[in-house]
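Before we start, here is the structure in question, set down as structure tokens.
We call the chains A, B, C and D, going by the order they appear; numbering starts again at 1 in every chain.
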Amino acid sequence: MKSMSRTSWITLAGMAALLILPPLFLWSGNEFYLQLATRLVILAIAAVSLNLVLGYGGLVSFGHAAYIGIGAYAVGIPAYHETYGGFDSIASYDGLFHVALAVGISALFALVTGAISLRTKGVYFIMITMAFGQMAYYLFFSINEYGGDDGLVIDVRSEVPGLNLDNPLQLYLLSYVALVAAMLIVRTIINSRFGMVIKGAKGNNDRLVGLGYNTYLYRLAAYVISGAMAGFAGALLGNFTTFISPEMMGWTRSGELMFMVILGGAATTFGPVLGAVIFILLEEILSSYTIFWQLPFGLILIGVVLFARGGLMGFLTTKWRKP
Amino acid sequence: MDYTLLFVQTLNGLQLGLLLFLVASGLTLVFGILNFVNLAHGSIYMIGAFIGASLTLWLGNFLIAVVIALPIIGLVGYAIEKFVARRLYEKDHLDHVLGTFGLILVLDTLAHLIWGPEGISVPLPGWLDGQVELFAGVVVPTYRLLIITAGLSVAGGLVWLVNYTRLGMLIRAGASNRTMVSALGIDIQLLFALVFALGAMLAGLAGMLITPITEASIGMGGQIIITAFVVIIIGGIGSMKGAFIAAILVGMIDTLGRAYLADIFALVMSPSAAETSAPSVSSMLIYILMAAILAVRPQGLFPPKARP
Amino acid sequence: MSALLQINALVKTFGGVAATDKVDLAVTKGELHAIIGPNGAGKTTLISQLSGTLIPDSGTILLNGKNITKKPAYTRARLGIARSYQITSLVMEMTVRQNVALAVQSKEGHAFRFIRAADKIAHLQNAALEALRDVGLDVRADDLTTELSHGEHRLLEIAIALATGAELLLLDEPMAGLGPEESAKMVTFLKELKGTRTILLIEHDMDAVFALADRISVLVYGRIIATGTPTEIRADASVRHAYLGEG
Amino acid sequence: MKRLLISAAIAALITAPAFAAEVKIGFVTTLTTGAAVIGKDIQKAVNLAVEQMGGKMGPLDINLIYADDGFKPETGKQATDKLVKQDKVDFVAGYIWSNVLLASRKSVLDAGKFLITANAGPGPIAGKLCNKNLFSSSWQNDETPMAMGEVLNQNGVKSLYIIAPNYAAGKGMVAGVKRTFKGEIKGTDMTTWPTQLDFSAELAKAKASGADGLFVFYPGKAGGAFMKQYQQAGLKDSLPLYTVFTVDALSLPKFQAANFTDVLGSQFTQQWDPTLDNPQNKRFVSEFRAKYGSYPSFYAAQAYDAMFLIRSAVEAVNGDLTNMDGMRTAMESANYPSVRGKYTYGNNHMPIQNYYLRQVVKDSDGNWTTKVVKTVFKNHQDSYAKDCSL
């Protein structure tokens, strides 16, 4: 169990770096890198939540970007109505209300789509979750009121007591705290009795059913929790970008989230975060060199799948274990 | 009701369905036999379109270009199998999805580098460029009939290949029992490569056939692959019959939805509401269809028989 | 003598071939009932219908007088049926203890408990360790399941079935693939277990069966051709003819 | 990874301080995906403009930074953020797509920089979202189809069938043509964008409707697809086609290579044409053709204008980039040589300009290009200006 402590060490060091470096960027006059870090941390929350079902539960959800979109629209739509009128029952700038809406609608969407999707297995599951993601995409695409494919600009950020989200540092720190919370939540869930069932069902579903667990219900619960957390990440993302478009929900975005989880290391606490960090940095660095950056990016992706089983966390912990 | 229009729209749906079948058949073949999820199948479709279009402009004849381009795209498929896909077979579906997702980025960017971002338009020979009057009042573009003919011939050819040839026998055997095929002394790796190349040729052919209607362009693969997956999921992954029926079903529903949904909606809501909601619903129609079918039949319409 | 498990006219066909053909069977509370039969006789199909992984085409299955014919597998497990698998079926990525703890935890009614770490819940872990001790695997409790030998996997299967506290154990060839020494160990263990639970045992090892069973049913081509004590079965002419290949 | 971040930070620190004597212009356009063909043409025009200016605007050196929007609003906004926050540009220009512009607008304007849209013209930025620092070197979306509606009236078209993509610009185009067209609308089909490229069902419906004419809007590759299918359906005589933003200098060479003669003679409306008779346009078109061997597209023309608009502002304040008011006043006067000829700005900083009917013809060398048939609108102002509080 030596690798355990290595893992903890990497996790702590990585999280410390994420806490310290971005404010330094701001104070040294590089606000853009703070923004980059904010986006990265928010996507990391989504990756952490996807990891709950994908990494620990073995449920390859190819539609998780939909929850991010739902969460972002849950900020944008009430703010839009508060600014421009109409739909009084939801019109609001209240951040707590936005979050409640984001989490609630995401959970509901996860409940309905999960109830259908979880009846299927394997590739069917991958593809039906993607199909639901596409449905959400086309749904928002066709709602003219909220900009359709033009997207919706959020003129006013959520109002949160004691915080000013227009302040980039406060927004970053809020996202950071949310990330830590998300990691702790997933970690707690996964070590609980519920988590044992989820992990057990990934390893051997028939066995768990034979023990008397209706794994369908447990998986559905995990799927709902994961969707709700991703919806929360979406609410943060909406506040960060101050802009939402259906394009955020497309299947390629879902694929990117999956890649973050696998790149960093599925079924580890820090893996999805590390994956998000590397993903965003790679994208940023490669695209600053060439407009054909997707070529090396794709090759790296293939390389990771072929050679880095267990992702970067697996790579780091096994390499370091050897003297 | 205008039955002439209905007939024309049905033909349109059939044509779209058959084109989808060409893409979906390769996908389902590769999945059924190699148990491999290939998201990059759409990129092969795109490369087929580009190769076909380049050759058409170079040779000045669309049909000759297609005949020459087919073996080339087969070779491209073979190379992809050899260098990437083969290494992924033993891994799980998640790895297939991610690996081939990376492959999409690579192939699309390569196409951008080779052919530029403009896309290529393709001229048709004069005799294909006109219209045919099937019977009084029903005039359809000649080329659409060619697509229907080509799609039906390929479907027939696949039935023959899979059911009545030695390769087909091996394909069926390989699908159900890898060890047995190996035990027969057949090079299973070669068999798999051939199947993959065949899938690539089917996708490439679809790409070549669509270019005279649209054009060869970057990103065209990403659009068709999702629909093709919807088709094979509805049909039951690995089932050729399922792919055929689902492709026709999706083609019909999509076309007829576009054609008649607004009229149908107008029966129950105001015309302006129908006009605005119909396009949104019709773009979601195939996904709704898929979700509905999977809710009732989680393995699709024709799930391949369980392997004991 | 009341029947814990009552099976009436159970039929399951695959592509026109009846794998179970109107099977009637009663398993009495507390007995060790063995089912023997040649390969392909439909033994595993029968067990799968009892555990709920297969749903019968027709016929009924009663557990304690309650009709469970169409109930899903997890409901049956909760009603008191535990199964060990012919082909080892464990959660290989988990530790040995965790595998058993999952079985112990199944007695709690539900596992929608999200907060406390399962590894830190004493009564779960103790009960799991106890079940492991019963089969002699307690020393390997914290090893990954995948690191165990085949024989140990078979024992772990039994430990899990025991830990569920199920009234009826369906043991599908627990001796499959075991060496003579391990087999003997398993027989000893089952002997100790006998009487504390009702056991339906499928086994190829005839010596073991005749040493252990209270009653034996013979399944041939999906039909029960005889049921009786080991002595009766040994003497039954039709069994000797159809199965033991004599006469 | 940590070291990477730190070195990135250091590198940024070194390059960040602006070395005074330059004007930094960020140009956001599409350089990847199939839509990059437009971005490439724009780059050509912008590079040509910089070359013609000798790399200088007034006393300042031009520091031009291109950014790719990846054909996605979110990516475009990130690129814009980087230009504003990291590169600290003085002007942000470009924007082909309405949705990218709407997403990015706030980043630029909140930072107090000038934003010049060189193509996208969604209604809101001309109306309630207009801003003192936002200028357009193109048009408002509705205007071009409104001009086409007027052409239809003049041509005596009594009934019309409309096919357009189901997204914001598509809906805007349909609204535009409906605003001016006085005849009967026989039907409207909105197709899935951008995935649907097979229009067989819609064409069959249009044909069966018995309309006098067919109005479509399909930008980019969908335009090529539509034109072909229209030809293959043989509708040229029975159902004449009227388009906006569907045929352009980027698609014509492709059509010519594919010998797709039906497109010759087709007509559409626009605020610019390569044959417009003014010195700036003549210079632009001839030098563009000399340098790149093709006719510039309207996208290129507008981007070229955007550069000269910016130069007029910088020259007016003699390189004092802190004098925002001075630069704004200069731009409001539109006192620069535009390739479309002289135009003025409305209160909302949208051009008040002429719209022409253009027709596809062969030039003297046999290349396919366009010419002006007639002027449809003179000094036309968009219909959103009244919603603008400026």
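Simple rule for what comes next: a residue touches a chain if its C-beta (ideal position, glycine included) is under 8 Å from a C-beta of that chain, and two chains touch if they have at least 3 such contacts.
Quick caveat, the model's predicted, so the values are computed rather than measured.
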Minimal step count in the chain contact network, chain A to chain D: 1
Distance-maximising chain from chain D - centres being C-alpha averages: C
Gap in Å, rounded to a whole number, between the CA centres of chain C and chain A: 43
Whole-Å separation of chain centres (CA-atom averages), chain C against chain D: 74
Whole-Å gap separating chain B and chain D, where each centre is the average of the chain's CA atoms: 35
Whole-Å separation of chain centres (CA-atom averages), chain B against chain C: 48
Multi-partner residues of chain B (each touching 2 or more other chains): 112, 279-280, 283
Chain A, residues touching no fewer than two other chains: 138, 141-142, 144, 292, 294
Pairs of chains found to touch, sorted by chain label: A-B, A-C, A-D, B-D
Residues of chain C defined as touching chain A within the complex: 51-53, 72-75, 77-78, 82-83, 85, 89-94, 98-99, 101-103, 105-106, 108, 111-119, 121, 124, 160, 164
Touch list for chain B against partner chain D, complex: 2, 4-5, 8-9, 12-13, 15-16, 57, 112, 116-124, 129-131, 139, 141-144, 210, 212-215, 217-220, 223, 255-256, 258-259, 275, 279-280, 282-283
Sites on chain D touched by chain B in the complex: 32-37, 39-40, 166, 188-192, 194-198, 200-202, 204-205, 208, 221, 224-225, 228-229, 231-234, 250, 254-255, 257-260
Contact footprint of chain A on chain B as seen in their complex: 31, 37, 84, 87-88, 91, 93-95, 97-99, 101-106, 108-110, 112-113, 222, 226, 229-230, 233, 237, 276-277, 279-280, 283-284, 287-288, 290-291, 294-295, 298-300
Chain A partner contacts - residues on chain D that touch it in the complex: 1-2, 4-6, 8-9, 12-13, 16, 31-32, 36, 68, 72-74, 77-78, 81-82, 85-86, 98-99, 102-103, 105-106, 122, 166-168, 171, 192-193
